[in-house]
Amino acid sequence: MAQIVSFGEVLMRLSTPGFSRFEQARQFNVTYAGGEANVATALSFWGHHAAHVTRFPDSPIGRAATQYLNFLGVDTSHIIYGASRMAVYFLETGVAMRGSQIVYDRANSSLAEIDPKELDWDVILKDAKWFHWAGITPALSQGAADALLDAIQTARKYGITVSGDIFYRANLWKYGKRPSEILPELAAGTDVVIANSENIKEIFGIGGNDFVESCVNLQKAYPQVSLVVDTKRTSISASHNLLRAYLWNGTDILETNDIDINPIIDRVGGGDAFIAGLIHGLISFNDQQKALEFGVAASALKHTIEGDALISTIAEVEAIRQGETSGRIKR
Amino acid sequence: MAQIVSFGEVLMRLSTPGFSRFEQARQFNVTYAGGEANVATALSFWGHHAAHVTRFPDSPIGRAATQYLNFLGVDTSHIIYGASRMAVYFLETGVAMRGSQIVYDRANSSLAEIDPKELDWDVILKDAKWFHWAGITPALSQGAADALLDAIQTARKYGITVSGDIFYRANLWKYGKRPSEILPELAAGTDVVIANSENIKEIFGIGGNDFVESCVNLQKAYPQVSLVVDTKRTSISASHNLLRAYLWNGTDILETNDIDINPIIDRVGGGDAFIAGLIHGLISFNDQQKALEFGVAASALKHTIEGDALISTIAEVEAIRQGETSGRIKR
Amino acid sequence: MAQIVSFGEVLMRLSTPGFSRFEQARQFNVTYAGGEANVATALSFWGHHAAHVTRFPDSPIGRAATQYLNFLGVDTSHIIYGASRMAVYFLETGVAMRGSQIVYDRANSSLAEIDPKELDWDVILKDAKWFHWAGITPALSQGAADALLDAIQTARKYGITVSGDIFYRANLWKYGKRPSEILPELAAGTDVVIANSENIKEIFGIGGNDFVESCVNLQKAYPQVSLVVDTKRTSISASHNLLRAYLWNGTDILETNDIDINPIIDRVGGGDAFIAGLIHGLISFNDQQKALEFGVAASALKHTIEGDALISTIAEVEAIRQGETSGRIKR
Amino acid sequence: MAQIVSFGEVLMRLSTPGFSRFEQARQFNVTYAGGEANVATALSFWGHHAAHVTRFPDSPIGRAATQYLNFLGVDTSHIIYGASRMAVYFLETGVAMRGSQIVYDRANSSLAEIDPKELDWDVILKDAKWFHWAGITPALSQGAADALLDAIQTARKYGITVSGDIFYRANLWKYGKRPSEILPELAAGTDVVIANSENIKEIFGIGGNDFVESCVNLQKAYPQVSLVVDTKRTSISASHNLLRAYLWNGTDILETNDIDINPIIDRVGGGDAFIAGLIHGLISFNDQQKALEFGVAASALKHTIEGDALISTIAEVEAIRQGETSGRIKR
Amino acid sequence: MAQIVSFGEVLMRLSTPGFSRFEQARQFNVTYAGGEANVATALSFWGHHAAHVTRFPDSPIGRAATQYLNFLGVDTSHIIYGASRMAVYFLETGVAMRGSQIVYDRANSSLAEIDPKELDWDVILKDAKWFHWAGITPALSQGAADALLDAIQTARKYGITVSGDIFYRANLWKYGKRPSEILPELAAGTDVVIANSENIKEIFGIGGNDFVESCVNLQKAYPQVSLVVDTKRTSISASHNLLRAYLWNGTDILETNDIDINPIIDRVGGGDAFIAGLIHGLISFNDQQKALEFGVAASALKHTIEGDALISTIAEVEAIRQGETSGRIKR
Amino acid sequence: MAQIVSFGEVLMRLSTPGFSRFEQARQFNVTYAGGEANVATALSFWGHHAAHVTRFPDSPIGRAATQYLNFLGVDTSHIIYGASRMAVYFLETGVAMRGSQIVYDRANSSLAEIDPKELDWDVILKDAKWFHWAGITPALSQGAADALLDAIQTARKYGITVSGDIFYRANLWKYGKRPSEILPELAAGTDVVIANSENIKEIFGIGGNDFVESCVNLQKAYPQVSLVVDTKRTSISASHNLLRAYLWNGTDILETNDIDINPIIDRVGGGDAFIAGLIHGLISFNDQQKALEFGVAASALKHTIEGDALISTIAEVEAIRQGETSGRIKR
């Protein structure tokens, strides 16, 4: 029933209040988030029926995580429950010249311990139009990688558009496989790839003198890939960034202007908000340039909101896309 | 006994903590504020005896509102209590390119349901030197409009200086009258008008090629008006504004420099702080330019304080007026 | 698709933190709740697919309310949006000999301004097994009363079980109708009535020497009514109550033991939790006594949780029903 | 103009949140309070015009204290400002068998450094009907003792009723005088004495076999004393107390029943609330028994409220006086 | 240098604020605690030089944990740092008939992954007088069990008194060994055993008709054991418990009275506080009965304090031991 | 045993939350800090064994202060306890053009009432390599000045490097001595002086046409002085500063670039962090320029952290020293 389906780990996010350091924190703010779920969240707030698929511990903590995703409007009916633990990440939010710090504690999470047979993708993806994945999932375990491959192949079977965020966090892969053994087969079933030249080189061994050449060569090897997108962030400080994006569509390279973000409240999830905005744009507009700009505007807006989740209306993002960044009061 | 009297609706202000969105807020910060009361508040902190006149529900919520105005130092002895509800406004404070959002819930407030006979302006204004009103009050109901007209006429009778913030929020007028039917009679009894050329055109049908010409024409029609003032805000973002002001005194147009405000903590009430500063200056200094600058300095300082109320000393505002904006520590 | 459907106003609940008084509160805790929605909430946590039907303002506040119901697991897909305002209630939680205080501000809410044609009950109640309403809804406005009558008649048409909490808050009825003009027709379509002898006398003019006789006479007049239930609360203080319940099933009067609740954290929503527990029991057990006890256990547990909503598992309630009230740690 | 005038030190109250220990506290709750001011506060909430007289440092902290007393509705127009520091007390609130802890830091406070000439009691007490003092004030310094003696003598001159809480905290007296050198002269001008037999013995050297005999002997020595009152607290734990009171009126000994208080939120200020209730009763009722009961009811209610201040209505206290302690919800 | 050394896992404790449920918590309170560390903590506050030995991840989170133990006054100089993760436990604090819930997430903790060679017990225990361990440590991993055995044998070598809390949480043992394979060797080197008859039966296969007989038989098998102690808790509700303790010293069975604890703020760590009190008593008093009572008093006091740690003075515990449980204010 | 020893008053720091004004604060954040202790704190986080010497009241508040210093990793074993009170400072943190405000309440602190004989510097400084003092200590009282002189002379005796922050807050000196009577003897035993030309002129009566000339003349008079350092702050606003430093080593004047700090979270303690960084650099690097830069980097980082204390790792400071100020996320 869901139009958009995402799949990936959801972590408990434990962040220090304000800009306090880990040592100072006598409270943590608690939410639940993950790269792919963040995409589903943003799309849900814009009125899409988006379902996120993951696996949680069968415990009060797992149930609390589901309630939180419900709050964010995501369809949680395909979440499964089983053994082991909730993945966690600790966040200390930086300011000025002090960068944010993230400490992951995600080994042996419930999703890592998935048996791919627990998910029936034919049921889950029935009637869906878009499937989204990210390169972290196959890093978790063979089971997670297999489940993801099942999903992508099922999506291909039904002609569902597939987007993949190829970023793969090299230091996560601990179950014996290398990214280059797994990711190519996943990319082969993907229509929209989020990646930069470095990723393309490292994962697929495909080079190029610049982003466009890398994209051309990627598409030669993986003909299903129709779009390659990337963002570029200029970090003046932890509190002040510029953000722009690029899209190669097999023919042209499109580009946006920089958006100035100052001050930044929370940049975690900014990349996911970009992907959500891009997906919304590609689904809703017949205009790739506008879709790309909508993605950057969505990402910029995310930086003003605490938490991984972009909580917004389409109208708010569209106003920023059109350059209305003066921050006047709306009454 | 009060030297300065203001009249208008006071609302419960429910604001999300920090920069969180309405959907995220599991707490609201609670204060009580209103445009005219904000003027009285700022003046009270500077040592003026300022009384605010309004009508509250006869309930624990109404009593809590009075206690809050007491805290701000305002004389609440002329507040009356009666039927119906506390007006409310919800505030989500913006940051960077995301503007603040205000949702009003003020219909059928206690003040809107006032019977003008409940207020005895002869008693209230006895010994007062200044009366302040704003264009929102006559928008609430016929009763509120009538009570305000009584007040202005009583003030005229006793030779009290009257200031009026002509801004009238077009979408509030729902009881059958138009601003242009009501405001002219109120303006006719007013000495100091806060307005820009657009307001003057819309309300009074009085045009002009620029602000000065509008002012000249306004005074021709309303000879009681001796001063017209206006502020100009340049919004770089929700967190960064420039602010200046203009004053036409029948002869000259005075102007201040811009004050740079970065970052902004809360800009709600900034206009009211300007008016308070101007009134203080006109009462205390024999120098309109200095009064105008004091108003802008007061407004700038307000932007650094959470809540509608400007909590400050004269010395703090005066230092900013003199250009001391480097923010050094005071010990 | 929902098994259980409830209909009624949802209010923003603004409660003072801890046991602080309204005057002391500089923050309010914010949730969204209402008698009928509280029933749906509790049932959702126990795994029932429960949908709540209401009308919210088409504003960020209305959207925030929907997100909150999502968080509680309720199906919000039948909520409609339109003009006017969010109903609000202010709560100061009592302790020891000081009782809680509630101030309602619900006039002119979005639900009160409903046009019954906005809801298509044939769609909403399709496949439902249970419909729940309360006597406050017809007190709001003619539109709300008509919408509720539509719902009950549609439920009857499909053979859906209907429960009604007959408590009607006499001082709410302000649109020209009296409870005795409206409630009888609603009760005529109801299977399970929550009421005490006084309610039965006041609303239906049906007397009796005791609860059983009142029930007998009620059923004679309204043959659809198959069960009448009531709770009895003994208030030792705001922090210490005893709770029990009665059920008359047309033949027998069933009764539970008292549960001792000390200390109470928040008793608002305790009655709704009882109804939810009873509905769960009647649906799930073939044992009315057990269902009644499950209702009282659910209500007792609610008293230990801040907020109107009973957040619990079936196992937790069942353990209390079986007398496990020693509060040992679960690891 | 004030009907009731109190005089004494006001301290910044820094209390740990909830029941946390001093070592755990990373925040303190901040209010401003003092025994005599607490009496004025409670009376102000009941509609009396009550002014409190004290001396604060001429600093932002002193100004913040005045704003807080304004919030509590007390007339602060007679407060004077000058050298030195704000008195402070630190509070850790106990629970169960753990008692509260108070650490005073009040040496060299602004009030201790008062020059009695700074206060013009003829102006302050003009039109007053009641003056209240406590035995802590003369313990602070010779200046404070002299200022208090001035006040009492002025009150006598105008026939104002004087109440004095004779409790004198033996370990405070550090400026060279003993309680027995100072307090007798103050008591000689006092109508209503709050004291128990021990105080009477220690301060005045007046014994007796029981409370009544002590009172009889006290009045013989100090004929102005017309009433002697005392409370009796039974401490079952820090969370559970019983409270009653006694009043000797020169003829009879009156007594109340115990009120059961469980759980206690904050017992600091409970004695002051009793005095306030008694004063209200003596002023408002022609019935000493009722006045005494009103005092005990006020004190009991205070125990349910965080902070020194009793924030309440007359109706709330009266209901408790009449035995309505079941803590039902008020809507 | 430390007089008292404890060894065991320290977990990050993430507890919901107040009595809120896991689903409701948008903040967690954060402290760091563990059974054996809790013993060291309490003893440190009483002036003993107590060191705790554990292993933390070499990360900001591990460093934050050390800082927290520093705050509690424990000597952290023997803590080692290395691979893997911080153990975590989630706590929802119960009230009335709702019990607390604990969810552990401690698999693969830094301590579980210890190599026993990382600790040089000859250095650590040099000059120590007491070593304390608990049955959870050998449940974690073979490495942890071996490290503990090293510690006990080193303690024996130097004639250090050893206490062991034999409670072993059956469901933790996942590395292939059974409690009965490991615990006997540890108990053989222990002087003071905290255990009840059931533990003695399950672990050592040693029965008895009552506690004394079990103790007699235990000592026959393990002659090093000179004292066996146990507490008995009567749970009236999560908020109201009675607590007493027993001590068998090879000759006599000593017993305390019940202490009534109402209300309970946080009972986690109550057993550890008992052990700390007992150790303090055995070290400081020549009176086993008094030591046992000091242990129960310490445990009771712990129930009034949020967090695992007993923050107290000797005087506070001693007053409770002597029956001063009326909770009067200390000034 | 400590490598680095500092001596000076530690105050309870009571700061308003966020940027709220004193009048608005209903909570204060509580930490404990002082200029010299801040130096020890920063050094402790970098792995130095640093002890701070001070005197606290023998009260729960004094113990809480010690626990807080323990938390910060400082060796508190040389702290002494005795009569009188905890020094306090109140802080309102400024933003934009509004500067922070500090109100001190430090008269008659425990340290001011020290008897120099209470400290045995031979024991305290045994094995130390560095001693740090500041000009505020001799301002407190003759006893504090004498204790400091003892410390410096003992340090000289053992050849310990001595650093002194000569800033002396003219308005503190109230016990009869002038800075110029006391500070020269202290400076005479000091190796590293933190001072600017103005301080040198005012205290020592030593002039110069510029900083270098002042330094040259200072060294002529005080040959023990080998380094003179100073920082220069450019205040654009309370939220935006530039910071650089100078060091004269008897031969050369070294200088750093400006570091841009925007936004500032809390600048209190920034100067102390600079000194700590400089000391660390002088101890650890054989490169004065690098040491000076490390000091400025440490100071800049401090501005991003709430509280006086610089909580950081060497790696974090070193990265900033090397120009990595882009604030990217560290994972």
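Letters are used for the chains, namely A, B, C, D, E and F, taken in the order the chains are written, and counting of residues starts over at 1 for each.
Note that a residue touches a chain if its C-beta (ideal position, glycine included) is under 8 Å from a C-beta of that chain, and two chains touch if they have at least 3 such contacts.
Here is each chain with its UniProt name: A, B, C, D, E, F = 2-dehydro-3-deoxygluconokinase.
What you are looking at is a predicted structure, and each value in this text was computed from that prediction instead of being measured.
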## Note on the structure
Turning chain C onto chain D by a C-alpha fit takes a rotation, in degrees to the nearest 5, of 120
### Interface numbering overlap (same over half, different under half) for chain A and chain F
different
### Query
Approximately how many whole Å separate the CA-defined centres of chain B and chain C?
44
### Summary
For the pair chain B and chain E, the C-alpha centroid-to-centroid distance in angstrom is 62
### Message
If a residue has to touch 2 or more other chains to count, which residues of chain E qualify?
### Response
18, 21, 23, 26, 67, 101, 263
### Query
Chain adjacency by touch: line, ring, star, complete or other shape?
other
### Query
Can you name every pair of chains that touch?
A-B, A-C, A-E, A-F, B-C, B-D, B-F, C-D, C-E, D-E, D-F, E-F
#### Entry: chain D contact footprint on chain C (complex, rising order)
18-21, 23-24, 94-102, 104, 235-240, 263, 267-268
### Task
Flag every residue of chain F that touches chain A in the complex, lowest number first.
259, 261-265, 300-301, 303-307, 311, 316, 320, 325-331
### Task
Using the touch definition up top, name the residues of chain E that touch chain A in the complex.
14, 17, 21-23, 25-31, 59-61, 63-64, 67, 85-86, 88, 90, 92, 101, 103, 105, 107-108
### Query
Taking the complex as given, what residues does chain C use to touch chain A?
67-68, 70-73
